[in-house]
Amino acid sequence: MSWLLVLEQCLNGLQFGVMLFLMAAGLTLVFGIMNLVNLAHGSLYMVGAYFATAAFGWTGSFVLSVVFSLLATLAVGMVVEVVALRTLYERDHLDQVLATFGLILFFNEAVAMVWGRTALFTTVPKALSGHLQLLPGLRYPAYRAVIILVGLAVALLLYVVVSRTRLGMLIRAGASNRTMVAALGVNVRLLYTIVFGVGAALAGLGGLMAGPIYTVQPGMGDDILIQVLVVIVIGGIGSIRGALVGAVVVGMVDTLGRAFLKPMLSTTIGPAAANDAGPALASMLIYILMAAVLSFRPQGLFPAARG
Amino acid sequence: MAEPLLSVRGLRKRFGGLVATDGVDLDVAEGETLAVIGPNGAGKTTLIAQLSGDLAPDAGTIRFAGEDVTALPAPERSGRGFARSFQVTSIFREFSALDNVALAVQAHAGHSFRFWRRAREERALREPARAVLAQVGLAARADVEAGALAHGEQRQLEIAMALATRPRLLLLDEPVAGMGIDESQRMVALLRTLRGRHTIVLVEHDMDVVFALADRISVMVYGRVIATGAPEAIRGNAEVRRAYLGEEVRA
Amino acid sequence: MLAVEGLEAAYGVSQVLFGIDLAVEPGRLVTLLGRNGMGKTTTVRAMMGLLPVRAGRVRFEGRALEGLPPHRIAQAGLGLVPEGRQIFPNLTVRENLVATAANRRGAAAPWTVERVFELFPHLAARARSMGGTLSGGEQQMLAVGRALMTNPLLLILDEATEGLAPLIRGEIWACLERLKAGGLSILLIDKNVEALTRLADHHYVLEKGRVVWSGTSPELRARADVQHRYLGV
Amino acid sequence: MRTLRGAAVLALVAALMAVQARAAEPVKIGFITTLSGPAGVIGKHMKDSVELALDHLGRKVGGLDTEVIYRDDQRKADVGKQVADELLKKDRVNFVAGIIWSNVMLAVAPTVTGAGTLMVGTNAGPHELAGKMCNELYFTTSWQNDQTPEAMGKHMQDQKITDVYVMAPNYAAGKDMVNGFKRYFKGKLVDEVYTKLGQQDYQAEITALRAANPKAVFVFYPGDMGIQFLKQYAQAGLRDQIPLFSVYTVDETTLPAVGDAALGNFEARYWSPDLKNEASQKYVADFKKKFGYTPSYYGAQSYDGILLIDSAIRAVKGDLGNKKGMVAAMRKADFKSTRGKFTYNVNHHPIENFYLLKAVKGASEVEMQIQKTVFENHKDAYYQDCPMKW
Amino acid sequence: MRTPRTLALAVGFVALALVPVVAAALNQPFYLDLVRRIMIFAIAAVSLDLILGFGGMVSFGHAAYLGVGAYAVAIPAFYGVHSGFVQWPLAVGLSALVALVIGTLSLRTSGVYFIMITLAFAQMLYYLGISINAWGADDGMRLARRSQFGGAVDLGNPYVFYYVVFGLLVLLLWLGHRLIHARFGMVIRAARSNEPRLRAVGFATFRYKLAAFVLAGAACGLAGALLTNQTEYLTPSYMHWTRSGDIMVMVILGGMGTLFGPVLGAIVFLLLEDVLAAWTVHWQVVLGPLLVLIVLYARRGLWGLLAGRG
């Protein structure tokens, strides 16, 4: 196999990884500072995709649809936080898992009622539909390249926000000692609502970018949610850095496993057996990875500092 | 002094930048009550946690009855005669007071892979538990849900649970914390009955309690033991007063 | 400026405060004395809204604070330096100062990081260190600086010198003296009678959740019995 | 108060049980499909077509008053089995019809036939039911799973296409499809790739595909997997480079979401909305008029299912107890099927034509157009294993 | 407080025991199937309650054992071994073994990590199931015959099968009741209440929690064996994560740590699903918020409401 192929598959892995990161960042922030397990995070991804698709239908402008979708998911996130989740912060994880499981059912059905069960049509904007010549012999879809860039830009932005801004300091401070933050005059409740909204908007961003390449349909967030949970558990729940590393690792392992496991196996156990074992193993790979990581580091790779 | 029952050497534990215990040396003789005092944050609770096996030390050794127990986890130390009370009341709140103590008895009555017979009908568990409850003065409260007991009673229950394991060494972390005057007097009276019968390491802030119970006192500051001695000697020790209270020694 | 009347509070079922009365006049340094477990920290927690107030009133600058959430109380002008310091371990020294900084009452000369560093030169050298890596004394200074950065009208210090080396204590007391001279009101919880009688204007002695004695520094100095009975080793 | 609340809980349970119980009526057809979840769109196509068939029959199947009871299997075999039991034992239906998924069908069909009730499958075509597990009381108005990929295999073999890259999800139907394809395609396969069921992103596989540089691609990606695969295949720029041949991947349920990305794609199928026969044209026209969207083969075969039942009841003059008579009538396939004239094989699976379809730009949107007939009167590969007793 | 519960319990058991009689009298045999399926899920829910409600171990992958038990019946049947004396012990033993492996690894973690790692293991088994072509992969396998127990017990007879399931449910409840009050039960309940304290008095908690985890897995494996017999079909989707969610909902809905609550939870949840689904295809839009409300306002579940203490 050629170097270019490996390189291109790595790009694919990276692209999948940054998509996971967009989801994982919000989820891990919400867990890190509010101690809330939010299974409905995948629903926000779905809602983002639907809003973008709908807005594209109304306005015809990709840019407008992006802006609208981000703002709308932000709003939905904040409303959900205020209406349903706020009372769950003090509850144990079990209650949170169940209540947000209920929210998944609700959101999946709600979008089906509004937009129908048929998958919606949405396409890559014209300007991004072509290919980029990255290297001689390596062309890469422009839209996916943009996803990688946006994802890395968001990672950088988040890094700057979390490490350099007041908001970021408050987020980190709140993660370690929420009471003290409140006692110094910060409205923690509002801070939580904002952080939840931002996390929702990030999930929405993931969803709106996914729309044109995946399928916009009810339940589209469920599958990716499980993968994102794997990401943040591997990375260490509550850690942005862990989310990024975990996302890229999972994206790479999954993609490279799908791409190269079968060819590698067929040299050792023969093509027929590899045809059976390869795909099976590839689909279990990230779960095996997670079990392995937790066996050695029960708190994930980057345990977040907790008070 | 014969070989001490408990012998601690160079015990060290660090949390990030904070050194909680910094080379602690302690010897406690059989039957002795040693009080550990010191300002908040001096590392006393960390010391207890390391002694009980809930926290692994970064360095140092803990010898008990001539054996190195440094690497043993908490349940196994309990099996060798360690028992502890917690600074923040730690009981099984949903269970009755008697259940709490019976569980402690059960822990030392063979394995608990018994699936059939009702534990609450086992005399072998209930009788000793009742006796210990009576010993700490909770006989009348045996069937009350532990979470519903008064604060002082919950602290007494903690002591009962420790006693029910028939310990050789009692590690008591602020047994009168948060108690009213009457409650704490009752607790002191209870602890006084244990003196001599058990070897005790007592962490306490209340000086009345410390002077009422201790055979010897160790003073911890900044994770180090800066002085150990008889109560009167400690009371008069200028260095202790300065370190502990921050008083500048008047010339 | 601060008036506490009949404050009662409890942890769960066990009541800890049984009617605390105390007052702090503008520009004064007032102490809350007493041994461990007598309710000093609980008084502060109840005042700050960190513990529900069962009964009684907390008035500050004429406003009733009881029942308000902690952030509203802090915003009213109370700056807390908590027991155990509780600095944010995963933030740098500078970030600890900046994160919650505010100037809500538009102070003419608000606190800045530089001014805090002037007050505690030790901290300046460690501006980029993580809070968790500081020594106890440095953490204590940081906690004071952090509270100052919210530009409070009243600074509340809970056991600000506990477990610190004498030299560091001296430094903190000296700094409090300077703050007081600058017109800041201070409520101080401590056990060190000797140093405090030189520093403070007024004292309240707590025993088992009640104020058992109060008076000025000369009065306290004169009462060896009070010192021995409630505050001695 | 306590007793009251206790009573309330018990009353809730009792009320739920009571809602279960309903009274009995004349011709009852239980129609099981997937109505909830993403796949609910297929269920909707099927349900709407059943309703259209009822309209065309004047709401009287076989001339009798008719009640069709729709039940949702949630795409789960055990739920499908339960609703089948409910239809049989509580609603006491005379026919059970519908069912999208092979695994649900394999759980439901024996239950229905075992109870002595007629089963008319209108989509799923697992090979077991065409062969060893065939049953006198079981009919299908669709096809046997393998027939469609066989048609595509034959077409590609006829065209002397070689160096084919094969892709399918890693589950039973995926392997069956590839096996069906290989039964008629004897050319060179570059590789066979199986992907995770429900996978969303095929970029890695598409990259590997491009690197393998085949001359054609054959895929089986039903439902949302197909939407994703086709979009990504087009986005990778492969649509114009390597011709794509597929089965059960592009249809009227997925076309609205795939859009232009399907253009140029080849499918094999026994029916398409542009099929020229009277019954089909009437069905498509009335369907569009009534429901406002283009029907799919899921709908056409469900429509046929009701007509098949109608023909059976008419043949026995409404004597629903005459099972043998109805089976004999159904074996004649004597109704105006949307696929035109067809016959039943000995295993109660249709012997029918298969066509090559191509996705082309229609008047307003992309639509499937019949290119040619690949198979005429094609039989499935399993009928010889079928031990029909009568 | 005891009376309404005991009354409900008695009424409940008698009602369950009489279902076949009533169904036969009303000529409504369907209720036999429905209630039997409900009881099978009740067994799964009770088994989860052992570790979730009593042991405080939030396993989000309990459906895995449902699947393992189902495979343990279907695979021997596929190779012509129909004896229930082989299949059922295999189902119990194999699920216990799988639970032992999963538990050993998972119980090293705690809190949300435990929730996630149990979920991950279940997903792993799910993907394994849909990948094994020899055993039906995603399609699953038809069970040609229900488990055979010689002449005496014929599961093909719906009444016999009903009473077998009913008997096993009652047996499980009885054993569970004994277990939670025996020494072992005291330990796992205490571990949920306060694990550091339990270690301090001398219990090596890990082995007890692991044992409970294995027992729960084994019992759920039995439910899996029953479910395949009920459906006469096996599919890997028995192991899908939403199944684990469903079982968990049954436990919470009925009331955690109550043993009988999960039975009530299974009854109400499955009936609710059936009724809502018959009422509207958008039933999940009702069920979802209902779940949220239950979590927020009825923490002790329906069984708790029966007890009547707020």
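All chains are identified by letter, namely A, B, C, D and E, in their written order; residue positions are counted from 1 within each chain.
Everything below uses one rule, namely that a residue touches a chain if its C-beta (ideal position, glycine included) is under 8 Å from a C-beta of that chain, and two chains touch if they have at least 3 such contacts.
These numbers come from a predicted model, not from an experiment.
Q: Identify the chains in contact with subunit B as well as subunit D, in label order.
A: In this structure, the chains that contact subunit D and also subunit B are E.
Q: Of all chains present, which has the mean Cα position farthest from that of subunit C?
A: D
Q: Please identify which chain has its centre, taken as the mean of its CA atoms, farthest from the centre of subunit B.
A: That would be chain D.
Q: How many Å are there between the centre of subunit B and the centre of subunit C, using C-alpha atoms for each centre?
A: Going by mean C-alpha positions, subunit B sits 32 Å from subunit C.
Q: Which whole number of Å gives the spacing of the CA centres of subunit C and subunit D?
A: 75
Q: Roughly how far is subunit A from subunit C, going centre to centre by Cα mean, in whole Å?
A: Subunit A and subunit C have C-alpha centres separated by 44 Å.
Q: What positions in subunit D touch 2 or more of the other chains?
A: Only 36, 40, 170, 196-197 qualify.
Q: Find every residue in subunit C that makes contact with two or more other chains and list them.
A: Residues 89, 132.
Q: Residues of subunit E that contact two or more other chains, please.
A: Residues 127, 131, 133, 282-284 of subunit E each touch two or more of the other chains.
Q: Can you identify all of the chain pairs that touch?
A: Between chains, contact exists in these pairs: A-C, A-D, A-E, B-C, B-E, D-E.
Q: For subunit C, which residues are in contact with subunit B within the complex?
A: Those residues of subunit C that touch subunit B are 11-14, 16, 35-37, 83-84, 89, 130, 132-136, 159, 161-166, 169, 191-192, 194-195, 208, 232-233.
Q: Would you pull the subunit A residues touching subunit D in the complex into a rising list?
A: By the definition above, subunit A touches subunit D via 1-2, 5, 8-9, 12-13, 15-16, 108-109, 112, 116-121, 123-124, 129, 131, 139, 141, 143-144, 210, 212-220, 223-224, 255-256, 258-259, 262, 275, 278-280, 282-283.
Q: Can you list the residues on subunit E that touch subunit D in the complex?
A: Where subunit E meets subunit D, its residues are 1, 4-5, 7-8, 11, 28-34, 37, 127, 130-131, 133, 136-140, 142, 227, 230-233, 235, 237-238, 264, 267-268, 271-272, 274-275, 277-278, 281-284, 302, 305-309.
Q: Give every residue of subunit E touching subunit B within the complex, in rising order.
A: Answer in residue numbers: 175, 178-179, 181-187, 189-190, 193-194, 196-205, 208, 211.
Q: In the complex, go through subunit B and note every residue touching subunit C.
A: 15-18, 38-42, 150-151, 176-181, 205-207, 221-222, 235, 241-248
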